[in-house]
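Take a look at the structures listed below.
Next come two complexes, and both contain chain A; in the first it sits with chain B, in the second with chain C.
What follows is the complex of A and B.
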């Protein structure tokens, strides 16, 4: 039986363990590139990191982005899933188009929305100015993070909708019928039947989306490049800049390892707090 | 039992692999790098070139040249389009791998200085000598030798200078600005926000366009980042007032820029002018080539100008250039042969793809009838080409990556860290006190270069 694990373990070792080992290894070196002889500096990169105000600011900005986008994705995704779980004409069509944002490549999403939100020529600002309001600069210092969060919500909410909708379809209708007979209203049904039944699923969705948004690079890089004035610079962007733009491969690896540790700590706390129902193994 | 034993072996292998990753050197040893087996040598040589000139016409010339070279010499040349903003990253990320490039086109000497420091680029003095010598490159103006050796072969100058709408000037009864006050007045006069018309466009985004174009305001006030001993002097008692004056000028001008300036890069600079949104923009000759393709009606309505110096002593322009560099690889010699052949046989075809933009880096080409015979060059000779030559000869020319007493990686690091764009953003987008902003950025530069 254990022999069947070998292919999986081999792949795991080759694509996860060894590269991670290299990353950990680089974090103890001062390396200016991926080739040549790096200089061993021990824990110095980590000591520098602790005093790096840009790193800590980016940690905060990463949390703002991840928390903001995940919480909105969850709320909006659940609302849409509840709507799409109802019986109405055109439901299948709506279910189909609800996943469209999720399947559009991020580069298309970003460029498309850049045009839509353009201060001078974008349709949103054309509408805003047509009703007499002042145009909005969506990627300004004050609004860039908000705009990035909104775009993330638009793009990745369908994932939450899909998973939650599939979960909703596993709940027996008998439970809702009984609740209706007992006089339970829609809100009570949602709160006392739907949510408890889908609690574990929700915990998993939040966990997955949290990891993905914490590590999200492409949308933010394409939309703002971390600007203006580094206001949307998250940890993945900082890692990219340090490693590939400034050739500080060792320090970039240190930031990456630290980022992973921070995320693991948060995940651990999250799972402790939410304590998903443990399934007892039979036999 | 047997299965358990196999599993234990496998786990041991993985642990050893992990430890090898953690404890061993992450890099291959020099002796490994030097090993070549006979079979590999026997394979057809393939030269990989990363081209930052990504326009289809230019790429076609490069690829056609590659095919001709293969037919003539049996060496395959693969040319890949790589955006300028990504080329440095890609070269570093692929160096030493099977996907390594052998040569690349570059627009920043800072990249070359950084790569030389790592021992990744090959000297090309022999090629320079064979294609006309140092004197032909305006006495070696942009060869930027490092420790006596040259590491790139320039093919053009890309000065960043101003373009102004002459019909707008006429309409407002103004002339091309020759002082900072006139510069601001013209920008103000051109601005009509209600009708989406603005004075000028200068990029403020954290990228190469801002490094190249907007830094012009610093050079127009004789600002320097490093002194002759590589000490950061941006916030020194002598230099700081100049920087603050330039930043205050930028703040004033910023009022007359469209909102897109905060996120503008190369494309927005040309688009804003060609779509007639702004009356002034700043770019190289490429603007003329694009204008000829997209809005030729503007061909009679613009004038080239240098940024007025603060002290009224003349004009400034940002120094820009493009060149080809050869990377140290298994095919360095073959690559150098191809590059030399390209400069001798195909450079004119290449330069003619964007005639006004590719202002020759060699005086002999500038004076040649063959180069001047191009239709676009002929059409814009007086308005687009000669003014570049005048700026080259007479303007105060400077750039971030050529700052300091000699070619070095330090200005390149400042360039790549986008600290000068950050300085501009602080005073324009975040309304910070220019004096404080200069001090903050000077500190960041010191930290970056390890002063």
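What follows is the complex of A and C.
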């Protein structure tokens, strides 16, 4: 038995457990680079962090980004799943197509959408000006966060769609039939049968997507780099800038640890509030 | 839920077409735009249909940058990540579902926590560790980091697959004189092939598309993967948007074609592993 477990545990320890431990210990040091000798500063980094207004503003912006993109992903994902659960020609093909945004690299998503949304040559702005409206600067101070949320919704919604679709398939048809006999319309069926049946599923999806969006770095970094004027700077971007651009490795680790702690607290409260009927631990 | 009236049917098809355009239009656009070549790229930039078949931009990015090298690196890293993840996640999941031991739930829960950790949090210490082992800025280091992302998911997913296989199947193989390993490879592995394929597809996609770890762990030109390389090309001003879109198209077209063969496994894995998990 140990024979089976040891190699896996070694890798798991090497790539997850040990690095997490290291990250905690880094946060107690002041390190100017990855190679030099760090100085132990105790909790000083955390004291600095409490006073760091850039950190607290980024906490807020991270929540805006995570909340905005998760809630829209859930809504769009459920709508698409309901469509894909109907009977029509080409359904399997469409199910495949609907997953494509999820599998392409984020760099491709940003290059492609920047071209689609381009002020001068983009097809969207061409359409907007053809109906007589003013062209839109999508990565401006006011709209950058909105655009980032929209692109995140486009890319990561298929996860919600697929999970919800598989949930829909577990609901017995009899329920809908008897509801139809009782005179319930489609909306009532959705609200009184589908949603209650999939409540636990929904709680789990929100949790997973919330965690992922809170920690998301790539899309925002590639689209806005945190700008303009740091308006779209989220915690992962702040951590990256501190650690890798400004070489404040110790402080970067402090922000990373604090970010993880904040997220865990929020998730804990979320699970307490939603109190799923059964907690999913090991399935 | 929509009743099968004509109105319902028309509504359904309109919705289906909307979903199709929503999901597929950007892919289509990324592919046809660079094909317009230098002459039509800007002048016909908003024509909805393909206006030309000019491969200039594709040839430019392939010849003038290290794009072919990025491509090769991406396949090496993603291939290695996939193989290692499949082997170790099936071993761990097998032990988790077949043995009782102390700390089992601790192990599963720590897998979940591994799932929750920000990539940033892992990248900082990983770079420190790689430097001390002398594997910083290498494909090996990047592969190890990708495994940190795929292994917890793989274990979680396969854990649910193994659970569906009754223990009696293995026991009867033992009765017939098979060793534990033989029983595993002859009886169990064939049954969890769909699960293994989903873990494989998932790991490949995660590693192939990763930008965050690549950005932090790899710096030299010869070790860049496609996402890092293309982002680097985007930052340098030497090449224009046409070439960038051509590069993007050269990533998604093969991915979409490959993916079309494994869709059902990916869908099955995502749904059974991630949620019923």
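Details
Here is the rule we use: the second predicted complex is superposed on the first by the 266 of 283 C-alpha atoms of A that agree within 3 Å, B and C clash if a C-alpha of one lies under 4 Å from a C-alpha of the other, contacts with A are read in each partner's own complex, and residues count from 1 in each chain.
We take it that a contact is a pair of C-beta atoms (placed from the backbone, for glycine too) under 8 Å apart; a residue touches a chain by one contact, two chains touch by 3 or more.
Bear in mind the structure is a predicted one, so any value in this text is a computation, not a measurement.
Of the two partner chains placed around the shared chain by superposition, chain B and chain C are both touched by A:26.
When the shared chain is aligned, chain B and chain C each come close enough to touch A:18. By the touch criterion defined above, A:133 reaches neither chain B nor chain C.
Greater residue coverage of chain A by touch, when chain B is weighed against chain C, goes to C. Using the contact criterion defined above for the overlaid structures, shared-chain residue A:204 touches chain C, although it does not reach chain B. In the superposition on chain A, contact is made by A:34 with both chain B and chain C. After overlaying the two complexes on the shared chain, residue contacts for A:115 are found with chain C alone; chain B is out of touch. After overlaying the two complexes on the shared chain, residue contacts for A:229 are found with chain B alone; chain C is out of touch. In the superposition on chain A, contact of A:244 is made with both chain B and chain C.
With both structures placed on the common chain, the touch criterion links A:141 to chain B but leaves chain C unconnected. Under the contact criterion defined above, the residues of chain A that touch both chain B in one complex and chain C in the other are 1, 5, 9, 17-22, 26, 34-35, 118, 244. Across the complex, chain B meets chain A through its residues 3-4, 6-7, 10-11, 13-14, 17-28, 33, 88-89, 92-93, 95-97, 114, 117-120, 196, 204-207, 258-260, 262-263, 277, 413, 416-417, 422, 425-426, 429-430, 448. Interface residues of chain A facing chain C in the complex, by the touch rule stated above, are 1, 4-5, 7-9, 11-12, 14-23, 26, 34-35, 80, 82-84, 86, 88, 90-91, 94-101, 103-109, 111-113, 115-116, 118, 121-123, 126-127, 154, 158-159, 162-163, 165-167, 176, 180, 186, 189-190, 201, 204-205, 208, 211, 214-215, 217-218, 222, 235-236, 239-240, 243-244, 249, 252-253, 256-257, 259-260, 263-264, 267, 280-283.
Put simply, chain C touches chain A in their complex at residues 1-3, 12-13, 15-16, 19-20, 22-24, 26-27, 29-30, 33, 42, 45-46, 48, 84, 88-89, 91-92, 94-96, 99, 101, 105, 107-112, 114-122, 124-129, 131, 144-145, 147-148, 151-152, 155-156, 159-160, 163, 205, 208-209, 211-212, 215-216, 226-227, 230-231, 234, 241, 244-245, 247-248, 251-252, 255-256, 259-260, 263, 266-267, 270-272, 274-277.
Taken together, the chain A residues at the contact with chain B in this complex read 1-3, 5-6, 9-10, 13, 17-22, 24-26, 29, 31-38, 118-120, 135, 137, 139-141, 224-230, 244-247.
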